[in-house]
Amino acid sequence: MDVEDVLRMDRWPHILCPGCGNGTILNVLARELAERFENGDLDPDKTVLVSGIGCSSRLPGYFRLDSLHTTHGRPLAFATGLKTANPDLEVIVITGDGDAAAIGGNHLIHAARRNLDVTVICANNYIYGMTGGQVSPTTPEGDVSTTTPYGNPEPPFDLCELVMGAGAPHVERWTTAHPVQLKAAIGRALDREGFSFIDVLSQCPTNYGRRNGFRDAREMVEWLRENTSTRDEEGKIRIGILRDEEREPFHARIRKVLEKAGGDGD
Amino acid sequence: MRIKEEFCKGCFLCVWVCPVDALDESDRRNEKGYRLPEQVGRCTGCRQCEMICPDVAIEVVEADEG
Amino acid sequence: MRIEVRIAGFGGQGVILAGVVLGRAAAVYEGLEAVQTQSYGPEARGGASRSDVIVSDEEKIMFPYVREPDHLVVMSQEAYDKYIGDVKSDGLVVYDSTLVEPSRGDVEHVGVPATEKAEEELGLRIVANMIMLGAYRELTDIVSFDSLRNAVMDSVPPGTEETNEKALRLGAELAEGGAD
Amino acid sequence: MRDENGKVEFLQGNEACAEGAIAAGCRFFAGYPITPSTEIAERMSARLPEVGGVYVQMEDEIASLAAVIGASWAGVKAMTATSGPGFSLMQEHMGYAVMTETPCVVVNIQRGGPSTGQPTKASQGDVMQARWGSHGDYEVVALSPYDVQEMFDLTVECFNWAETLRVPAVLLADEVVGHMRERVVLREDVETVDRELPPEGEEVERPFPLEPDDLVPPMPVFGRGHRVHVTGLTHDERGYPCTDDPEVHRKLVRRLCNKVRKRAGEIHESVGYDFIERDSDIALVAYGGCARTVLEAAEEAGVTVFRPKVIHPFDEGLVRRLLDGYEVLVVEMNLGQYYEMVKMALDPDCVHLLGYPGGYPPTPERVVEEVERLGG
Amino acid sequence: MRDENGKVEFLQGNEACAEGAIAAGCRFFAGYPITPSTEIAERMSARLPEVGGVYVQMEDEIASLAAVIGASWAGVKAMTATSGPGFSLMQEHMGYAVMTETPCVVVNIQRGGPSTGQPTKASQGDVMQARWGSHGDYEVVALSPYDVQEMFDLTVECFNWAETLRVPAVLLADEVVGHMRERVVLREDVETVDRELPPEGEEVERPFPLEPDDLVPPMPVFGRGHRVHVTGLTHDERGYPCTDDPEVHRKLVRRLCNKVRKRAGEIHESVGYDFIERDSDIALVAYGGCARTVLEAAEEAGVTVFRPKVIHPFDEGLVRRLLDGYEVLVVEMNLGQYYEMVKMALDPDCVHLLGYPGGYPPTPERVVEEVERLGG
Amino acid sequence: MDVEDVLRMDRWPHILCPGCGNGTILNVLARELAERFENGDLDPDKTVLVSGIGCSSRLPGYFRLDSLHTTHGRPLAFATGLKTANPDLEVIVITGDGDAAAIGGNHLIHAARRNLDVTVICANNYIYGMTGGQVSPTTPEGDVSTTTPYGNPEPPFDLCELVMGAGAPHVERWTTAHPVQLKAAIGRALDREGFSFIDVLSQCPTNYGRRNGFRDAREMVEWLRENTSTRDEEGKIRIGILRDEEREPFHARIRKVLEKAGGDGD
Amino acid sequence: MRIEVRIAGFGGQGVILAGVVLGRAAAVYEGLEAVQTQSYGPEARGGASRSDVIVSDEEKIMFPYVREPDHLVVMSQEAYDKYIGDVKSDGLVVYDSTLVEPSRGDVEHVGVPATEKAEEELGLRIVANMIMLGAYRELTDIVSFDSLRNAVMDSVPPGTEETNEKALRLGAELAEGGAD
Amino acid sequence: MRIKEEFCKGCFLCVWVCPVDALDESDRRNEKGYRLPEQVGRCTGCRQCEMICPDVAIEVVEADEG
């Protein structure tokens, strides 16, 4: 199966800006899925994408799969219904830093706590892209956005720390400068039963780069490559596998309740 | 190496990522006015450009001389 | 007098700013009625961008949207193709001749090599919009040069005033010679 | 005990509602506790696992309705239950359910508002909110039960209309009927309606047609090969976002409203209403828990009485047919909400209100007094 | 440039709104970005720190209105701005602001709904939501500007009425006026109203009196020694929760509604409205961005036109006085919302609708056509 | 100043059930405040209490101070407005596990991230007391509640881990069986500038104890004393000071923005 | 026949259950009309608790709330003091004589030492409610003993059926002797 | 040691917390019917009962013999 078979090419070119990191994520995900569909590791009819609202959340609409483009911040709540109502579905949630961690922070931590069996890909571009570049809960201190003209006064979240604090068993961080590793990470996430969170540091050249001294997307991925490391290095952002544990997923826990109540149909 | 020119938006992430500098900016523009990349050197077929392209506009057909 | 102007081009060329400056010149410095609108939407990213201005010396402009522009100031082929059909017959079309190849017959066309001259003479491609604006004003006298310059000074980043004023003047010069 | 139609029980309205849901085929409940609706969640948490259904207590009401909508797209009949503050929080997702044409049932056991208000007391203060609480133009179905049996029966009706019309249906009950206990037959003969499905394994080409404007299209289900994209953005027939074309928006919103509005009469006839005609100039109007007072008062005062069960869509034609020419007194446990709709249908000068917030319905005597004041 | 009243600018409606807020004395803004209201937040983030005010971008809209209410109890004039989906999320706190009598301003730049709908396009779909979106009975003030100057002026009016009545006031604008640019005078002569305060350092004995039912009590401020307890529960005069006494609830809710309702006429007179009487059987009604079309069309068709600026509280008496006897055509960018209120006031058979969702107001020609169809 | 001067004794007896842990928290807080008001360490006119909805959230109404009883889950959002609009106020937020961590989880993590200068006292009784005993995000796995009649299938949050993951600088955990230590902890929290979180393990005899094998409140505090430890002990819940760092509080950060913009009035 | 009954006492005594059982006996086992309501509210914790039942052999009971109870079954002094005034004159008051000291004159009082007997004879204080119910039924015949017993069996936890039935019977016996 | 009897709800947390067993359950009830604690031994004045009481119903006046 070709990547073009996984995508709704009738909608190309997509709405993302030139050099948008969300596009790389789309690309990498499409290739990982195409491979798995090809191998028979995954059934395209059972694979569903769920997103909130934002540029990143537009991705599901470009996949020739069942996809639910929901409301801002709530994709994990919708996914909880989809996955528990039909545990046969492979559910992938695509979200942004604003979607997942601003308005959607509560659903993020609760899905992590419950160990909902979904793969969450968070396109973390430090900004609200869709609405034109306002500060986000991951914008670095001091950075300029349309709502922090004097520099961002707020300390940002480390999203991986956050979901680990909430109990997430499988947590990785990569960047759009690491497409190969990102693809492998998505593969691992699909393999894991339970809540997998991938924080993908990404670039919004239009609304973040411009205002913070980056001339174009290339400078931004260059920065991401230079300022991240898979080891703990002074002054660098840690990327890689940050936690990889096994815990019983939520739908299996619900299944046990049914067994106790005699409603499991066996 | 095939560039689907109608989809390319001229971001040149492909040029950036290529470990062997097989790609470079060209002066050609597509219909929308975006400048296109072009192959200028030997491609090892590592497919990194294919994967990083935000517009899914590159297909690495096989490793070749360009 | 009631004139509908559409300024259109490619995202990033500063067409929105051009419209705002024109409206400001009319409303703030000429005491005319003026309304500026633009199209918002996800499709605006990088694609065609436009800024519409209605200027009037009569009563308040009520319905605020441009339907059949009297004037089109246009800076990309895509925008030209998209909007040329809307222009009133006998309307005026001022186009950036570096980027646009005109086609329609029943309107007046004036070509201004704005992008080329912006790069060549001012070393700054992004002031092409001001060249177009200067040319457009020169051709229509819709507002006075001083009003336009004042509006530009209010609107551009500090430090860039001089270049922008030069661009306006350059546009005016180019327009004088330019009708084709 | 059993009677010919099912098990006879003595239950709270809230418990009957949960049983009605299960009888209607509901197999998913997501909710967040809130007085005075909590018994519904509690009973669902015990009952659903027995019948192979899923109960999830979510982190809030926003998430609850989201999960319900998600479950509905997984092909499962789904419900949530709440009260005032929770219903307010659900408003964004009410609109999402409307826009995506997701069948689901939202139970609102009305309590005293505004705000936290009187958590344990009855009210009918959310009647207008049920129709206007979310932004934009839309229509939903809302039914109001007046006894425990109707808590069961109208819950079934809510599911049936939700599935028929692909809309969120609101069981707009109140604490009076939610908490009281009465005899109820847990009917086993309920007629249930299931959404129409496209053929399995086929990609659906036009999942969201724009015309004709009263159409309810078959509903794709995730995981069956339909490959559908669902969005709350204005979308074209393919389901793709299309947010700039006025015609597409106009047609879509018209269809979403008209598929409900045009069937207002049919819904009223099928769900039913009480109309007891008496030789009088005055007619009383009431619904829900408050109607129990008013039916008693009407008998005592010898006046006509109308008790709708369907609150939305409002059927102007029916109300005119039944009530034109009367001096109409609307009695509700609020400051006048159904009243406003009645006023829109009739000569506004002939429509009067006994608005009775405070936590309890007025007594029949209080209503009779008001009838006398009107000259009845 | 300056004219005699202030600086002359050429601004977007949204920018003028922010300037109006600052002129009105607003010194706190909490918000969450959403198209097409975001420019308000953006301008506030730049302007407030210049005048010693606080801008906070919150984690969502629920938190935004919460922070605004908190700031108001700290004694600071506060505002938030949003659009459809965000306004839906604010509904619980609209009710809380009503119940706690917290002056604050909520700007809603209406966009196409329901749901995410048309994020960048204009609508007037939230007119009924502004009054009915939260659970329970309540009243708010909602004003609708039709040009950029009114975006400034009516924002000031919103603050003034919020402070006068201790209610949330809604600037119910639309994308048409929010995004258009026009000349605006940033008036420096605005008259501002500040809430009445109890004497500093004194414990307030009866912060929430129950009577008389149109009273607006002075507002305690935290940190000044008033030692007040504020709750969204039904409360007694002392401010303590009192959720079981029907009389207390009834009196409280009556007062909260009547303090606004009873002044509907005064608010309309003071904020103003346009009424252009022409010798015609037909009268047009429109407000907000859509009124620009309708005023033009009315002139062209030679018919009477009414443009309210105050949407809530609706003034039935005024509408009757002005429009009784006309065939009335309400033109709005929705499927009929203000229309329903007009219908309630007049003979419903004489009230007609040109409902025009889709993202843009109808053209004047379209309206004239409709007038002709009505026989005008 | 006596404890009775701090409380609205005209409202006594309060609505809490016999043996409710929320009562002990009320008591301890009242005594700490009374002492500080007495010493002049704190000005009662500037001390305000904010809460959400729940039995625990009823506490502020019993204090003779300015107090804001808000909506369910949102007290920290209201507190953000109060504190940033008037940084002179000493803001204490009283919340429950349901209020803070179910519906209110997002505001909790964002207030922690921003380092809002408030003292948060979370009465964590593992249950929704006010609504009659439904499962909460801190209910231990397997426990019975009115909505988990077959035992709770969900893993609970560790609230301290959660807020630390979100960036909270000062975090402690105590129980109602440790009133003396709890009082000291509240004192430390009031002393710290910035976000202080105290997770108070507490008892709801009426709606949690009854259903989970506890005969009365005494058995519950006994359990809390026996099953907690200030050291890391196998099988025991860790109590004590879990983090105590210094970071610039949010209002000071905002102040700097004002200074940059020239709006600080100096 | 239309009878309004109020059962009242202290939280924890099981007065709600007693009301539900009575309503169930009437509605499910006797085919009568019956409505049970109770007061909810934060103030109910531990304080006075009450359960109201209306039973009728006529048409559907519309207004569901008890206004003037015909019968009051009462198990605490606080509840007695609170509700005694509402009882119809000539109404019947059945009280737990272990805990209540009656005072009103114009109603019929029957004392039943339910709590005492529950502890002494059944070793289980919490079945006092069933003793009261058994006594009340015996005095009024509002439903048959079998109906009441069936309703109790439906409602109590498995394993406690026998004790509860004993309590009902004990109540009936106490009532026979009890009028004062 | 003063017990504000009208506020006591008979939870006996004071009895539980007292490190020297100076308090015990009594058979006396208050107006609402709650059983009251009573002092039965020497109080060291540690004030733990005062602090744990959920109803703020105990005041330790000074250490005493009861």
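To keep things simple, chains are lettered A, B, C, D, E, F, G and H as they appear, and every chain counts its residues starting from 1.
Assume a residue touches a chain if its C-beta (ideal position, glycine included) is under 8 Å from a C-beta of that chain, and two chains touch if they have at least 3 such contacts.
Note that the coordinates shown come from a computational prediction; the quantities given were computed from them, not determined experimentally.
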{"item": "Minimum number of chain-to-chain contact steps, chain A to chain D", "value": "1"}
{"item": "Result of counting contacting C-beta pairs for D-G and A-B, higher pair", "value": "A-B"}
{"item": "Geometric centre distance via CA averages, chain G-chain E, whole Å", "value": "55"}
{"item": "Chain C-chain F separation of Cα centroids, rounded to whole Å", "value": "60"}
{"item": "Cα-centroid distance, chain C relative to chain E, in whole angstrom", "value": "36"}
{"item": "Sequence positions of chain G contacting 2 or more other chains", "value": "41-43, 46"}
{"item": "Residue list for chain H, restricted to those that touch at least two other chains", "value": "9"}
{"item": "Residue numbers of chain D (touch at least two other chains)", "value": "35, 46, 49, 55, 59-60, 62, 85, 92, 96, 115-116, 120-121, 231-233, 241, 243-244, 360"}
{"item": "Interfacial residue positions of chain D with respect to chain A in the complex", "value": "27-28, 30, 46, 48-56, 58-60, 62-64, 66-76, 78, 92-93, 96, 201, 220, 222-233, 240-241"}
{"item": "Sites on chain A touched by chain F in the complex", "value": "103-106, 109-110, 113-115, 137, 150-151, 153-158, 161-167, 247, 250, 253-254, 256-257, 260-261"}
{"item": "Complex contacts: residues of chain B adjacent to chain C", "value": "9, 32-33"}
{"item": "Chain G partner contacts - residues on chain D that touch it in the complex", "value": "1, 8-10, 35-36, 120-121, 147, 175-176, 179-183, 289, 292-293, 295-296, 360-361, 363-364"}
{"item": "Chain D residues touching chain E - in the complex, by the definition given at the top", "value": "62, 84-85, 87-89, 91-92, 95-96, 98-100, 110, 112-121, 123, 125-126, 128-129, 131-138, 231-234, 243-244, 246-247, 249-250, 253-254, 256-257, 334-335, 337, 340, 343-348, 355-360"}
